[in-house]
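Shared between the two complexes below is chain A, which pairs with chain B and chain C, respectively.
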Partner chain A sequence: MANKAAKGPLFPYIIWIALFVIAPILLVVYYSLLDLNGNFTLANYANFFSSAYLTMTLTSFWYAFLITLFTLIVAYPTAYLLTKTKHKHLWLMFIIIPSWINLLLKTYAFIGIFGLYGPINAFAQSFGIEPTQILFTDFSFIFVAVYIFIPFMIIPIFNALDKLNPTLVYAARDLGANRITTFRRVIFPLTIEGVKSGIQVTFIPALSLFMITRLIAGNQVITLGTAIEQQFLVAQNWGMGSTIAVFLILFMVLIMLFTGQKSKGGRV
Partner chain B sequence: MKSLVQATIAIIVTCALLFFAAHQLEAGGTQGSKDTITVYNWGEYIDPDLIAQFTEETGIKVIYETFDSNEAMMTKVQQGGSAYDIAVPSEYMVEMMKEEDLLIPLDHSKIPNMKNIDPYFLDLAFDPGNKYTIPYFWGTVGIVFNPTMVEEHLTFESWEDLWDPTLEGKVFLVDGAREVMGMGLNSLGESLNAKDDVLLRQATDRLISLSPNIKAIIGDEITPLMINNEATVALTWSGQAADMMWENEDLDFAVPEEGSNLWFDSFVIPKTAANIDGAHAFINFMLDADVSAQNNDYVGYSTPNAAAMELMDPEVIEDERFYPSEELREKLEVYENLGLEWLGKYNEYFLEFKMSLR
Partner chain C sequence: MTKLSPGARVYLGIVFIILYAPIFYLIFYSFNSGGTMNNFESFTLEHYQDVFDDSRLLVILINTVIIALLSGLIATVIGTLGAIGIVSVKNKKMRNSILSLNNVLIVSPDVVIGASFLILFTMIGVKLGFTSVLVSHIAFSIPIVVLMVLPKLLEMNTSLIDAAQDLGASKREVLTRVILPYIKPGIFAGFFMAITYSLDDFAVTFFVTGNGFSTLSVEIYSMARAGITLTVNAISGIVFIATVLIVVGYYFVTNRTKVCNTGVQE
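Our next item is the complex of A and B:
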């Protein structure tokens, strides 16, 4: 990428990365090695491997996996249908616009929508179904998280599908592949990069969700993000909070490697 | 390439100018602070009309900022970026701020209205002789519930009632480690300041046995849920319960007899103060009987201001739920500053309990 061009133009970016990417990560690692009194220790790491945090890591992964899966199930067909519409960029914009609204505001709106006297229960009641509390359940948590992540998943998939050369699809059909085979053997493999970046932008933030775990799931779902928040703000144990953050960073690196593109994308 | 370098320089120059401007503004702010004070208080914790009245009477402008947890407040004061002249920490946070040397001693001669305060609330263990603090509001932790939605035998005079099988999936708790662990300890008849791993283990197990009844552990969002009859039973602070009961007359509040928490929020002058005289004037103003009565009416928590109580609706101050008798208060405990190590342990046990909910 920068083989011919002089290093000069890269200079501001190098400074930027050093100040706002490398330095904070080093600081997090440094703090993770301190105990409450500021002495060096590995106790935080030992503590992490106690059962509570390991279970929490597993739950975080499980929920992040579910969220990503459902987001993908909704987003892929949507992106596919979008590329088939006449004014596809207009429609795409309509899907993106809600993501301009503040996240907290949308989350609060869901508290009203899911409420015992909210529109969903009112609707169910018109069919004679007894109102139930939808808030503070696994369903509401995953629903809201999926809703939040859908636009972020649609965009990369849409771009990949949009770039797909339609003649390849025609060729596949001409050569006798049916719709399912065409999708399985041609369309999906050619858009897999879009799916991978979609998974990155969904799975990684989903691992550290913390606000909606409280507002929508009522703290019944505990993620690593919740634990970090508590360690910093309540327990004031920066060491332990940083240790959890170090593990979160490690998991993220692993996921990036797992879903990495051949050309170093690094778009998150 | 050339344009890129130019753009970079332009950005750096702009940043430098902005820094300079910000610095000038801040410096100007401190110099001109003779007639402004910055009050750092909890949200919804003062009658805004009174701030205007204070400015009218003294000519001192008030910059009003709010925080939502003691810890967040302390962090900002510690960083020292803003010139807070008044803050309103709870008692255990007063102890921590004292330890960290973040408070300025008060000059009692500038606060003559201190005489209005009920002596019961002066000279408390967390601040002997009121060297640093003047009590602002006090209250308890208890259970707010909707009698129309629970079985008749549930009066919540005992913590035991929370474990009642009819409450399955109906109980809401406040998202605070001290409050919830304290409730667990109290329900075992132990002190909510216990520093004993065995007791904390027992309290956590006791709480885990409550998990089938727990619907959610949330923060201030509980208020609208109780008001709209969407929630039945909630562990919360007395003042928050008073807010809910104001909106929904069906609700009732009880402080269980095994004991609970008694807390105080107090005015302090943090080290960041730029206008110490103005801060004293503000505290003195807020202690005035008329002002305090009006403020109590707005905020709804319990006041330590005896002179103001005489001006208030007797129905309010005779309400034992919010102004428990001294005999009842004997059973309540004030949170002690546990130290970071034990605070961390409380937090870990609380996390373990939260994780048992699924």
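Our next item is the complex of A and C:
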């Protein structure tokens, strides 16, 4: 009886789920089956499997992979060293603050930093290196994306490391494992969940970036996100845009399954 | 604990420098009287003056804040009620499927959310502008509020509710006098997160904003596409100060509620 009355608060929330979670997904699927004139067609899907779109999907994955990899390489040691500092939560807060500064502003900063007359080129010039255009290259794109994602990768890894029972590490050392073996066999496996959620929050957004590609990479790099934006807002071809979105959702589900399932199995 | 080795200190130092350098770089050149971000001529506040003289920009700033506060508030109400409702669902399977649906918008890429909301609003016939942006921000903030409130509800001892009911509290009183005070820190955290989500959002807003309406992110994007203007630097200076104030304020508020809570329990 108490149950029934308590369902009241759920009402607006259920409406929200229906209207903004379920309906949009269905609408995207529906639109992916329409051509420009609103007739049913599978042409968009055929189009997606053409070589142009497949290449784009592959390069998008490649960039997302590189971005995630570099972010992880920077973030893991940072998170590890942070847990060793005296005021670790204070230092973690200092890592998080930059992530609260508007994304657009941080990206905009790099337009100046990487510019032809920017500080990086000025620095290189003092060593006698000719200034080159760093902006609009793969390097600048990946660098800025890694910069943006670093705090988001550090947080889950930091939390995992923070929860790690230090006696396990002492035990490994007492039993004769050296530093590298301890890390490889004890610390890393026990913090793999943090790494996985870090990868989740980096890889999926990296696949769908479009603002950074436009501002930093010019039109050199096209990701799945750029393509969706292009189809929806420039070409006004919602059918094709929705088709790409459908695939992006599918990739997302696959990535979630890959990085998520074991955590449930492992814990029980 | 063990002291950090010099190498470790250098590494952390470099990471911190890289994280903060672009932000301070922006703010530094916001005081440059030359029009560029590469040589500093002399100190000036004219770019800040420009921001405050530009009434269009001010309207956009106000819009951004209004959208953030309003969407945060509404999302917090719906999300908190939703979390309370979810806890009352006793069927495990049902509860898990609601929670999975809850997380869809959190993990979905912004572009997909933006595009699908654009279709939705066009289908329903909502005019793109203030309403569509506000509704979208409410929509993507609700799940984060739920995730912030839910742990607090789950850790709450149900005998508290039983006790209140035994002592003759009505349903309403149980909610307002027992449940809400207990989960207050979670609600605060949810509200705060909703505001930051709203302030930081670019992609979704970019899709659902019409011609006449703009938020700060979208405006900075179009300014940045046109090239470097130090007005954007001045905006970043203002945003940085505001962000630091909000963060400090937030820590102040949460720490105080923590003290209050433990005070009540002991």
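Here are some notes:
In this section, the second predicted complex is superposed on the first by the 244 of 268 C-alpha atoms of A that agree within 3 Å, B and C clash if a C-alpha of one lies under 4 Å from a C-alpha of the other, contacts with A are read in each partner's own complex, and residues count from 1 in each chain.
The definition used in the following text is that a contact is a pair of C-beta atoms (placed from the backbone, for glycine too) under 8 Å apart; a residue touches a chain by one contact, two chains touch by 3 or more.
Model, not experiment: these values are computed from the prediction.
In the overlay built on the shared chain, the residue A:125 is in contact with neither chain B nor chain C. Of the two partner chains placed by the overlay, chain B and chain C both lie in contact with A:111.
By the touch criterion defined above, A:233 reaches both chain B and chain C. Contact with both chain B and chain C is seen for A:12 once the two complexes are overlaid on the shared chain. Using the contact criterion defined above for the overlaid structures, shared-chain residue A:215 touches chain B and also reaches chain C.
Residue by residue along chain A, chain B and chain C are tallied for touches, and C comes out ahead. Once the two complexes are laid over each other on the shared chain, residue contacts for A:59 go to chain B alone; chain C is not touched.
Looking at the shared chain after the overlay, A:31 reaches chain C, while chain B stays out of its contact range. Annotation: chain A residues 5-6, 8-9, 11-12, 111, 115, 117, 214-215, 233 touch chain B in one complex and chain C in the other.
Across the complex, chain C meets chain A through its residues 1-2, 4, 8, 11-12, 15-16, 18-20, 22-23, 25-26, 29, 36-39, 78-79, 81-82, 84-86, 88-90, 98, 101-102, 104-105, 107-113, 115-120, 123, 139, 142, 146, 171, 196, 199-200, 202-203, 206-207, 216-217, 220-221, 224-225, 228, 232, 235-236, 239-240, 243-244, 247. The touching residues of chain B, counted against chain A in their complex, run 1, 4-5, 8, 69, 71-72, 169, 172, 175-177, 214-219, 221, 224-225, 228-230, 340-341, 343-344, 347-348, 351-352, 354-355, 357-358. Taken together, the chain A residues at the contact with chain C in this complex read 2-3, 5-13, 16-17, 19-25, 27-28, 31, 74, 77-78, 81-82, 84-86, 91, 93-95, 97-98, 100-113, 115, 117-119, 122, 147, 150-151, 200, 204-205, 207-208, 210-211, 214-215, 224-225, 228-229, 232-233, 238, 241-242, 245, 248-249, 252, 256.
Taken together, the chain A residues at the contact with chain B in this complex read 5-6, 8-9, 11-12, 36, 52, 55-56, 59, 111, 115-117, 133, 135-136, 214-215, 217-222, 227, 230-231, 233-237, 240.
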